[in-house]
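Here subunit A shows up in two complexes: once beside subunit B, once beside subunit C.
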Partner chain A sequence: MVPPPFLILTARLPRDPHLKYEADPSQDGPEVDDLLDAELVDAIRKDFPILDRKMREDQRLVYLDNAATSQRPTQVVEAMRRYQQESNANVHRGIHQLAEEATETYEQAHADVAAFVGAEGMECVAFTKNTTEAINLVAQGWGLTNLEPEDAILVTELEHHANLVPWQQVADRTGAELRHVALTDDGRLDRASFHDQLDEDVALLAVSQVSNVLGTVNPVEAMTEAAHDVDARVLVDAAQSVPHMPVDVGEIGCDWLTFSGHKMLGPTGIGVLAGRREALEETEPLLFGGEMIRRVTKDEAEWAEMPWCFEAGTPPMTEAVGLSQAIDYVERIGREAIHEHSRELAARCQRRLEEVGCEVYGPAPEHRSALVSFNVPGIHPHDLASIIDDDGVAIRAGHHCAMPLMDHLGVAATARASFYIYNTEEDIDVLVNGIERAEEVMSVEEDGR
Partner chain B sequence: MVDATDLYQEIIMDHTKSPRNYEHLADADHEAQGDNPLCGDELTVYIKLDDGKVTDVTFEADGCAISTASASVMTEAVEGRDIDDVEELVETFKNLVTGEEDANAIDPAELGDLAALRNVQNFPTRVKCATLSWHTLQAALNGRDEPVTTE
Partner chain C sequence: MSDSGSSMYRQDILEHYKNPDNFGTLEPHTLAHNGENPLCGDTLEITLNLGDDGTIEAARFEGQGCAISQAATDILLGRIEEMEADEVLSMDEDQLLDVLGIDVSPLRVKCACLPLVTVQDGIEIHRGTMDPVDVTRTED
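After this line comes the complex of A and B, so read on.
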């Protein structure tokens, strides 16, 4: 077989498994550095055939909806195809050769994820359907069984519904109080509000590492330390951070960490709950049935060891193979380099949008990750998205599953451009030209009407 | 292929920028709220009835150009009509923007400004924007208390 195009590049891209994120996100954040080498981006783009697709009337696809879901490289798709056609069998069940191979592959995927996010071992990594299910696993498997009316759950005003609604439910059913960390005017977590509300009653802090609307990078390490000082457990929703920056469960110190495969070049249908051993041991399974048991009698059952006790039923085997391959792809480029690239694009995009009179939400580039939410005065984001779709530009328009945050911003919706490894400065040009064209189409005057 | 630009004809932009009957109707007999969970758009329709006829209809909205224009056009189209007539018009309009065949056979002259929204049928993601006010109108007429959604 011809080697996939990307493999040719690996000679220039030594893989360093010990790369660690140096910057302390509680500080001012690393300097916004440079984009990935143009040659490398060209090579990367060749791994994503969808980027060659012609949109509408022959337009190049400018995919700026990566925060919703990324595209997948040939290597990921190919690994999944190979697994299905060459090694497929159910895991943990058979003693034939295929079953053995499948089991080994599936367990290796857990080990790969553990290494990727710095979990203690593969027993500290459970596969779920997505981030949402991983958070629900903790909400129901730990929250419902551990929280009481005198406890408080601390979330923030910038959470995705996936990290808010499950906690509303837990609060509702246990009688625990739900508290929200307020935001500063520039869309960062308000330090005073956090410390004011973090008292001895708080039993759980649930916070995202990167906001999917504002792009804010939250100081989860410092927040975890403060929460642990009052004996609270901490869940970090890393759905938007893991695809871009080095994330290490051990360094953050959090109890649980969640993310999705599909936002980091992997397939849909697989998410991850990783965590600290003791916290996972306190977490009850969400689903019951086959695969998650050690022994079953007519009346009761004993759970299998971690992580299998969290994975009832036939698990996402093919997706696990895809996720492993996605991790490999990401690691070959290196997450520092990816983060610099996507942050630099977001910073340039922010600057360009402000230059053409857009309102940009969220913090300055040094506190921001890979995305920019904005509005064009006088144009509803829905209309903008429709018009620039004619130019082949895919952006997100709406409330981004963060309605309380929209209320805070005082808008019903925003437009959002989110970047990844295959995006280029030209993509921003096309976006900005599209915005100018939309202003013509909607005949918006200078004053926004 | 139809461009999104074709969605924003002059008539639409005129209704978007100067929506007709855009006010709170304090003495409405019926009102209903609608929202589109996809984009967070919200809209309220107010109606006054007299002897089975819509004598006054207004709306307030926080939404995109298509949903605002559609609501504005709608208020002009239903004012003065019998309720039964309105129900029929709602169905016609829904068929029009979803691209049902019989609706495409309708003479544009009969539809007036409504015809300008016909292009929405080429943009499945925008159909909900165009129909939100109409669903809400129906809910108000049927006296449903629950807010309607486009989902």
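After this line comes the complex of A and C, so read on.
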């Protein structure tokens, strides 16, 4: 029998070097390498006070909107609070103890992220506001300055608007051609379409590792290799993969990798651009001003070294502390275990939804990550979301910032349930019961229209 | 605290959604105008017949979308028949919600308002008091 799993996560709170906190080795928990067991999930849930709040008329919160943003554990909130109240100062500026501590903490956060996603070092990790800004940094800092009318940009039909609209802009402004990898009927990237379009003209491939609508896990490693064979650069949008599965820039081999803190237990206001050194060296800053310079004269300036050249202005210091702590939390559970857990929930949810007659979009469970998009016949997803909101169930309904993908599916909108470490099978039961109740609420004699 | 989601779906609302009184297209018509709610994907195609004195003689719609947008359209079109076009132009969100008689949760107010703004733009474009647009969109 393992020690109470509750201790595994809650006991080892801060990890901030300046707070001189030493983890108590007697509280080390077991290595979790399989499904998250019920006891561990219970322990995890205790770290998320929001899961205890009562919704509407006293219902338990069933939070199934994790792909939009995850909840944050006490450890993350507490680390940020302590930083604010005990160590706050501006980084890279003052010559005083607080500034020194703040700078060290902030730089350490880059190192933590680098280790987390297998980047070469902290100079290969820049903090941005979110995934969207990280992609824009590459689109403007590399795309606009490197692409020409004879070049092509290859994206896919399942991209989030964040990984589509910036490339539309680059195509517009540089004259480069924008191409789209088509999808198979079950919502995977069409291999033939990919290879057909990946010719010598392609200078950039921008692809998400996991679709935020279909949950499809894309073979980004193989795609990167193929793209590099034609000398194209590769950006991988890892916003939906980093929270769940092991992601390693080196293993994928991609040039840039982007994700957001807020979808992986971290705070809002911080995102990451990580990448290969040479690709980052080719990338111009997006923002100019203080913090990103080495020397400035009246007429010109020289950029600071990476990654600081990408981080103009006072950076998200508190958020960096939170992100670091979120990484720590995720690593303690283990991303393999997290992925198994959320995939298993998604697979069960898919099965249950199909059993009750829902239309489920996207691939079979073996190609799917932690979410399920679906529609209940005859019920608009917004009506469904409104009705099951009464049961305390939070799902997403809409186009999920992927309008071209909605066109492909031939629907205006879908409902989406997305899972994370604190979700349970009972959450799926509540969802399915809610769907059945919605069908009752919405039922009325139809006389043909 | 907003009202619960399910309370919007009263039987009379669902009745208008499933069995609308004013579904269809007027041929001929004085004016036709479309509305769209990009967020939900609700769409409306409204046709109106205006009398010489500016009263709305008939109003019909075709459309697709959530129950709130479609029921609101059916109810509104039923209400504005025989009304002066000017009166319709002066209606605001609160008056529309009064007509519907349900507590629309804040996130769904746009769905409910789509028919009103679509009808209003259609009338204004017809009168030449507004630059023509193909479709009226609620912002998301």
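Criterion: the second predicted complex is superposed on the first by the 408 of 449 C-alpha atoms of A that agree within 3 Å, B and C clash if a C-alpha of one lies under 4 Å from a C-alpha of the other, contacts with A are read in each partner's own complex, and residues count from 1 in each chain.
Here is the rule we go by: contacts are C-beta pairs under 8 Å (C-beta built on N, C-alpha and C of every residue); 3 or more make two chains touch, one makes a residue touch a chain.
Just so it is clear, the structure is predicted and the values come from calculations on it, not from any experiment.
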Next on the checklist: What does the overlay on subunit A give for subunit B and subunit C, a clash or a fit?
Outcome noted: clash
Checklist entry - Can A:E251 be said to touch subunit B (first), subunit C (second), both, or neither? => result neither
Item to check | Contact residues common to both interfaces of subunit A (with subunit B and with subunit C) | outcome: 56-57, 380, 382-383, 386-387, 389-390, 398-399, 406, 412-413, 441-443, 449
Checklist entry - For the complex, which residues does subunit B have touching subunit A? => result 1, 3-5, 7-8, 13, 17, 38-42, 62-66, 123, 125-126, 129
Checklist outcome for this item: In the complex, subunit A touches subunit C at residues 56-57, 380, 382-383, 385-390, 398-399, 406, 411-413, 441-447, 449
Item to check | In the complex with subunit A, residue positions of subunit C that touch it | outcome: 1, 4-6, 8-9, 11, 14-15, 17-20, 23, 38-43, 64-68, 105, 107-108, 111
Checklist entry - Which residues of subunit A touch subunit B in their complex? => result 56-57, 379-383, 386-387, 389-390, 397-399, 403, 406, 412-413, 441-443, 449
